[in-house]
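Please read the structure below before turning to the comments.
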Amino acid sequence: MRSSIAVAAIGALLALAGCATDEPTTAASGSASGTPGSGTGEQSKFFVRAEYDKELALLDATATGPAGKPWEQVLNPAMVETAKFKKPGPHKVCFSNAGLNNPWRQVGFKAMQAEVDTQQSRIREFVHVDAEGKDQKQIADINDLLGKGCDALIVSPNTTATLTPAVEAACQKGLPVIVFDRGVDSACPVTFINPIGGYGFGHVAAEFISQKVKTGGKVLALRILPGVDVLETRWSAAKVAFDKAGVDVVGVEFTDGDPAKTKKIVNDYIQRYGTIDGVWMDAGAVAVAAAEAFLDAGRPVPPINGEDQLDFLRLWRDNKLTAIAPTYPTYQWRTPIIAALRILDGEPVSSPWKLPQPTITQENLEGYVDPDMPPLHYAMCGCADLPGYPQRWK
Amino acid sequence: MRIAEGRRPPARILRSRPGGVVPILVILAALLVLLTIRQPDFLAPPSLMSFLGRSAPIILLAAGQYFVIVSGEFDLSVGSLVTAQVVVAARLIDSEPSRTWPVIGLLLAFGAAVGLVNGLVTTRLGVPSFITTLGMFLILVGAVYLWSDGAPKGGLTEEFRRFGRRAFEDVPLVGRVPYALLVLLAVAGLAVLLTRSDFGRNLLAVGGNPRTAELSGVRVWRAKTMAFVVSGLAAAVAAILIGGYSGVSFQAGAGLEFGAITAVVLGGVALGGGRGSVAGAMLGALTLETLFALMNFYGVSGALKSTAQGAIILLAVAVPSVRSSSR
Amino acid sequence: MSTALPLPAGRTAPGVFVALALTLAAGWLIVTIDGGRLFSQPTIVSLLHVAAGLGLVAVGQTLVIIGGSLDLSVAYVISLSTLVTAQTMAGSDGALLPAVSLTLAVSAAIGFLNGLLVTKARVNAFIATVGVGLLLKGFLDSGYDGPAGETAPALVRSLGYQRVGPVPVSFLLLLAVAGAAWFVLARTRFGHHLIAVGGDPEVARLSGVRNDRVLVTAHVLCALCAGLAGIYLASRLGSGAPRVGTEGLYDLESVAAVVLGGTALAGGRGGVAGTIGGVLLLASIDAIFNQLDVDAFFKQVIRGVIIVAAVAVYARRTLRKAAF
């Protein structure tokens, strides 16, 4: 009965013509085919071969831009004109953030704030709104920011597909929109900034482990959560690599990012299979726990990958692991501020703006292990030259 | 919410007399048989010892939760309390061995204090414990993120971590005995003693029928507050073991409150209070852990695990209650 | 049959509105001093959108809680509903009605299952709905690796983004649903029975109420409300999202909103008006903190304190009343 009332209510309200609407006219035509903003292809339920090929090609590309400042470098630049956004400063820059709910985002956001500090003379006000990991809050946040007279809007979407309509609505207000980390299914933002992406991450780690493990070797894949676009691409690329190399992936388990759960899973797999020859992970959060499970069982740690978090890098060095750490660098948080100011100056920027995505290997490990920073700090923060370093990140 | 199961006429309670440990023992035995079929060496001493050691924290939490639930309340704050304790410990110890013992003392005091606040707000201010402890959950998670600026700092020492991670090696017959298992046995013994004490009996009476308990001279508020303090202390001990087992992380305690409550209910303790035993609660937790191990050994797909877990919990709780009510 | 029943709408309902008014007044003052504007159109629209999503769930939650039960599976029902809606529609307006009907049917079936577990299988509501939630979680985790489907453009235009002045259509939908729920509680036999069952199941049974049937109906209505919230979110997001319900913490937030609105968690007392007040209060706190750019973790601490404090105030009032 309630439902019939509700349906009737919707029907009646639909009939109300001439009301105001916030809906962008082009919204919800979510087909992603070939739009530059779709980034890592993360919105797709299925593996997108073209995106995968593109990312793998980028792994070998040479970056253009100032040396030693990877956050200003671009892989395969494709410049776009931004003259129409030119405006006298100082500016009000607004940022709709998907969330600050993990150390990666915390480290990155601090880099972004520090970048704003260095640009103090040019940025009059920096408004930050945290969506707390909720799609619907971020949609409301973006709408809210549009009423605040921002000169440029930076968006780090919580989910690609679901934030697309809101970002399109923002584009239509005429202010420059810059998207980073995850993309949106629309060409309307001035640029989309991110490193190479999830396919690159998953591929690098899986290739390394496949090489170290002989054909038929037993590999355990540990993933954080299902249904998270950036993590899905990492796994799908790894799957391609593992299938090609002919290793035996004995298990794909979800850890929820919980180190205790991770140790239990690894323990049970060691007991079940006698030996595990390699461990692949889609993120570094529980890499230390996985390695410890082997150490505590009195076994050598097999070839394993982590990320650029310092706890893993230290364990790697101290225990002489056979390891690799592909990264999804947090220095990308600096780039949107730089891009926003360039756009407001009317200077051309690359769209998409692909940043280099370095990999930490045995050869360059020493350069990244920093004994003074906290265990969950990301080595690839590109923050050593920023105001407040290192205290801001401690 | 049907927390108020205790309102049922006492006659029914006497008649069906559930809360015994027989059903949970049957389930546990069945799971163990399935496990040994798949992995014959699972019950061999080294593997069994390490399994019991790693299960100790959730068993401790279930024991603590038992006291709260049997008194007719809930403690939803234990998971966030564990997280808070682990993060606090890492930051305070900051890899400095000499601080290990003072910090352990502090953690126990912190756990007791959180329990005390939960208990007093619930009993003296009359806030339902679901809301009190939900509020405490929000406050603790928010506060610990705020305090650590979103990323855990510092580090745990080997002295601290050994309780959850290391073992007595070369013990005759069994090989190695994890420290966590010894902690578990000690606390479990204490818990059983506590249920046999006046406090334990009063708690059952309070959960069964607070009014009758009050009339027969039990100070209901004091008994319930004590139950929350016990739960907070159990969470502190669990946090020390979890921090030791797997190190510092914001995920250290995530979801443990639901795990503990589920374990307690599996163990035949009635939500709403008045019925059940602490042994049942601890067996319930052990059963849950066995179930997770079983799924690992049978290679149940990661994503389907929650379905299996949900189905087994519903069956395990529904079947005995349907049988007892049709009797 | 329904003699001597307590007032259907909770007496404490005005309390939450006083709190709401005070919060908004204080918030306006602080935001203005800070140099912002709390009552600008975009802010109000955002606030009402947040309230609409949470409100739809909370109205349903109110019904089961008044009946002495609880539904912790709503977050997963919402996620599932967005997917059923968006995938059935597949971007075509023609499939609007079938998709909405199918979504509501699926939600109702889950509510029915919850109701049966609570009544016939005598599983405690907490465990029953957490268990059903786990079943749904497994289905969502194994079946979806991200957003899927596409909501019909007509629904996105109307329910998702249309508004009348500063009031989104979705908030009007919430008011309509809340009005219907109020009517059901206050004016129908089912409503009186529900309150009786929540107040004292034994007395209700003895006075001829069919407790099980009443509770199952309440669970179905609650799941239907969660289904509606899912349809609304699908219209807002443009597609189905397998994690939207859990990310939004709709399970615990809806219980908090209901309790803030003065409904007793033990059942038998409370009303929908208070719940709407509770939802608006939570949404206003959000909006104010947003304007002030307050740290999300600090906000969470404040939320926890407000929820406990508000309920403590209600409880004190009840205790004092009982003393006379």
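Per-chain residue numbering starts at 1, and chain names A, B and C are given in the order in which the chains are listed.
We adopt the following convention: a contact is a pair of C-beta atoms (placed from the backbone, for glycine too) under 8 Å apart; a residue touches a chain by one contact, two chains touch by 3 or more.
Remember, predicted model here, so these are calculated numbers, not experimental data.
A count of C-beta contacts for the chain pairs B-C and A-B puts B-C on top. With centres defined by CA atoms alone, the chain at the far end from chain A is B.
Per-chain Cα centroids separate chain A from chain C by 33 Å. Put simply, the C-alpha centre of chain B and that of chain C have 30 angstrom between them.
One finds 36 Å separating the Cα centroids of chain A and chain B.
Annotation for chain C: residues touching 2 or more other chains are 141-142, 295.
Multi-chain contact residues of chain B (touching two or more other chains): 150, 301-303, 305. The set of chain A residues touching two or more other chains comprises 100, 226, 254. Touching chain B in their complex are the following residues of chain A: 100-103, 105-107, 223, 226, 250-254, 256-260, 262-265, 267-269, 271-272, 285-286, 288-289, 292, 296, 311, 374-377, 394.
Remark: chain C residues 40-43, 45-47, 49-50, 53, 91, 100, 104, 108, 140-142, 144-148, 150-151, 153-154, 156-165, 169, 172-173, 176-177, 180-181, 184, 221, 224-225, 228, 233, 236-239, 241-244, 247-248, 286, 290, 293, 295-296 touch chain A in the complex.
Against chain B, the residues of chain C that register as touching in their complex are 65, 68-70, 117-118, 120-128, 130-135, 137-139, 141-142, 200-202, 252, 255-256, 259, 264-267, 295, 297-305, 307-308, 311-312, 315-316, 318-319. In the complex of the two chains, the chain A residues touching chain C come out as 1-3, 5-7, 9-10, 13-14, 16, 19-23, 27-30, 42-45, 99-100, 127-130, 132-137, 139-141, 143-148, 158-162, 164-165, 226-229, 232, 254.
Remark: chain B residues 39, 41-42, 47, 50, 54, 57, 149-155, 165, 242, 245-252, 254-255, 292-293, 296-297, 299, 301-303, 305 touch chain A in the complex.
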